[in-house]
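This structure is in structure tokens; I'll ask about it shortly.
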Amino acid sequence: MADLSLRQLDKKYGSFHAVKGLDLHVEDGEFVALVGPSGCGKSTTLRMIAGLEEISSGDILIGDRVVNDLAPRQRNISMVFQSYALYPHMTVRENMGFTLKIAGRPEAEIETAVADAARALEIEPLLDRRPAQLSGGQRQRVAMGRAIVRNPDVFLFDEPLSNLDAKLRGQMRTEIKRLHARLGSTVVYVTHDQIEAMTLADRIVIMRDGLIEQAGSPDEVFNRPATRFVAGFIGSPPMNMAEGVIQDGLIRFGDGETLPLPAQFRDAVTAGQRVTLGLRPDDIYPVGHGLHAGEAVETRPLEVALTEPLGNETLLFVRFGGVEWTSRMLNPRDLRRGETVDFQIDLSRVHLFDGESGRSLRTA
Amino acid sequence: MMDANQSSRIRKRLTRWALNVALFIAMAIICLPGLWIVLNSLRPTVEIMAKPPVWIPRELNFDAYVAMFSGVGAGGIPVLDYFRNSIIIATTSTVIALAVGMAGGYAFARYRFRGKSGWFIGLMLTRTVPGIALSLPLFFLYARLGIIDTHFGLILAYVAMNVPFTIWLIDGFFRQVPKDLSEAAQIDGCTRWQAFWRVEFPLARPGIASAGIFAFLTAWNEFALASQLTRSTNSKTLPVGLLDYTAEFTIDWRGMCALAVVMIVPALLLTYAVQKHLVSGLTSGAIKG
Amino acid sequence: MKPWRLPPHLLLLLPAVLILAAIVVIPLGLSLWSSFTPFRLTRPDTMYDFIGLRNYARLLGDAQFWSAFGRTVLLLTVALNLEMVLGLGLALLIERASRGQRILRTIMMFPMMFSPVLVGFQFKFMFNDNVGLVNNALQSLGLTDRAIPWLIDQNLAFISIMVAEIWSSTAVFAIFILAGLMAMPRDPLEAARVDGCTPWQTFRYVTWPFLMPFAFIAMTIRSLDVARAYDIIKIMTDGGPARRTEVLWTLISRTAYSDARMGMANAMAYIAILLSIAFTLIFFRQLSKARSQIAAEW
């Protein structure tokens, strides 16, 4: 195991600047998830760490070794690919033992390593099959087994679960988490799925246009998003956003509606400033159906435009401040389209972002 | 530690260079013979024969081509007749081979029947008969039927020669056209024939075109059969005509080079036109058989 | 009762079957018959003089025939294998070129479009001891001061023919292997690199197993018309010097047309045909195995 450092990592494809001076340190044994929309540079970054993509400038260190120009085979890493990338003409056993065979290890050692990994992943009965005879979930396990056998300094995952159906994805997520807990390995995990990132990672790195928007623990990026982009990207259903202007201690929205300026932002804004207000669906709810006991609550009667019952909760859609808001009603009661209900808005949990830069206006 | 990176960077760059050089040399070897022919068709015989060799041509002209096409020109070789024969024979045999091959290819692509692979291999094996071996009985047969030295005889032979491979290629192209399409067309009110003609045929057309070009080139370039089944300007084709430039002990290199260029230019143009389909057709036909 | 009609697939295959029967199968029957006769073109009545296997028996003891036979097999084995190796190299080089792939591919295919006769003349010209490009170049570079008798020395002549043959047909292999390379999934290659493979190991363990079926396909297609080599040899040396480059096909042609011994020539032709068919069948079998392997695994 080893730690991993990226220093001012840069990647240009002709005139396209894919990764712009990335700085990131991954501790030994840490699980870091790179998330972002497609084209944000997360996969390119991973591939540069693997050595599959040349770097334009900057440094990559594994342990205290600079590996900028080394071939992938010299980096002692493992990678799990989105398509699993199993060798179709080899059995599962051969697939998993391949890396050791290449390294010229003795038969017995290979056998033990493969058997151990197979046991850990519960794929022992599959060892003599070929990849074509396996289901998606089984292939996924074999791909992970192959990565484990190498006993690498760093594990790299490139959207490993995106080819699986929803149910299997949930199962494999748990599996990966358990595996990481057991092996204590250094992991860089690329995904576009924020739920995967939240559930798996010690630290989430949200990327956009080749830059890091925010890096922090799941709790941090969820509760203290540094930018409007992060706030919108993390959390499901996504955070409600409304544009407004600061006026007389109020936030005035496009349609003239207002909300009082929450206390925590009073010193951070100036009159006339354009802002974006963000509020999670958990923090706007019909009276008595909230998640938190509201601290600074504002109550508004709003008309329910649409309902989406999910059993243990119901999502409500209402119009307020010129945009549509999603509200999460816990312990749902029967509500109809068109009914007007009193909604509580928890001002203490409001996020405010600068209208121009999109950066959070939170001071503390 | 920097050393490992540096040496690996240098090695990468060196390999890239070496491979580019190798590619360049390979391409040069492929192109050189052709260029050599073109060059020599343009320079006077004295210069071709010069000792020590003349590397940078002092004089280039089209005399050889002018002589060739001015009727019975240099050395009395009727190139125009050969050219006409070649065009007629290659075109006609290609059209017929395509028609026959399309029917056969469609049968293999769309119908299941007993002994299908046996039929297929049987058809292909007829192609493996060496031209020279086939020429023996054909020569005898044609002589009996009185069709030696006719366009008809050669066309017939080339159709037979091209049909197996044409079937193979066209079979591959029809397989790529989803069966659903023709079924949908039939549900929409087409007869099976209309469904073929209006839906499947247009979709397979690029592939059929390249099968046609392949057949054309085979007929255009064929020598073993043509050299035995033709006698005179009635039916001699260009490849056979090329031999006219060789006398007992001397060869008119310049005239021959010019004729070679005349032969190869149409072939190259056609190849370039279907290059893309040709590769995909050959491979898809062959792999998904 | 419905009137019996030809099933559609047979109807569709009929033209092909008819024409092949008329131009290939029946004539071959004829030549099989005449291989059992002392048939001479000059004396048509000898056609009906059945002599059983005497022609074949004579061939068995004919040293000239067997050396031509051996030379043919040698030429095919060496040429096909070299073509495969060179075609593989060429395809790999072109595949990794970042720019101008299309033009490179087109250039690569050019030799395929040259008529074998043309290839023969071209190389006859280039290997000409007096005015040929090869000797001119060697002499100008000062590598040799005498004219190397490329087409006159027996071993050099065989090598020269081989060069011409390889030049004209390597493209077939390159095309198929290139198609294979382009169809190949990227990920296993990258996985192999990450797993610790050197470029050679990646090729050996991942690329080649995938490409092998494509190489077999090319082999099969090539084996369909190996006899194209006849045209090249006919032009370059016509079996000479002193029959040192004689292969089956030139021997057949000489026996039939120069010596007019059709019966004997047909007997030889039959052996040549069986040789071709054997080659092709072997590759067809490999091909279908390879195909099902690709379909099942990749």
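So that you can tell them apart, the chains are marked A, B and C in the order they are listed, and the count of residues begins at 1 in each.
Methods note: contacts are C-beta pairs under 8 Å (C-beta built on N, C-alpha and C of every residue); 3 or more make two chains touch, one makes a residue touch a chain.
Predicted model only: the values in this text are computed from it and were never measured.
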Interface with more contacting C-beta pairs, comparing A-B to A-C: A-C
Most widely separated chain from chain B, with each centre as the mean of CA atoms: A
Whole-Å gap between the CA centroids of chain B and chain C: 15
Chain A-chain B separation of Cα centroids, rounded to whole Å: 57
Rounded Å distance between chain A and chain C, as computed from the means of their C-alpha atoms: 58
Overlap residues in chain A, where contacts from two or more other chains coincide: 71
Residues of chain B that touch chain C when the two form their complex: 19-20, 22-23, 26-27, 29-34, 36-37, 40, 48-49, 51-53, 55, 99-101, 103-104, 106-107, 111, 113, 119, 121, 123-134, 136-138, 140-141, 156-157, 159-160, 163-165, 167, 217, 220-224, 228, 239, 242, 251, 253, 256-257, 260, 263-264, 267-268, 270-272, 275, 278-280, 282-283, 286-289
Residues of chain C defined as touching chain A within the complex: 185, 187-188, 190-198, 201, 205-206, 209-210, 293, 296-298
Sites on chain A touched by chain B in the complex: 64-71, 74
Residues of chain B that touch chain A when the two form their complex: 1-2, 4-6, 8-9, 12
Residues of chain A that touch chain C when the two form their complex: 50-52, 71-73, 77-79, 81-89, 98-99, 102-103, 130-132, 146, 150, 156
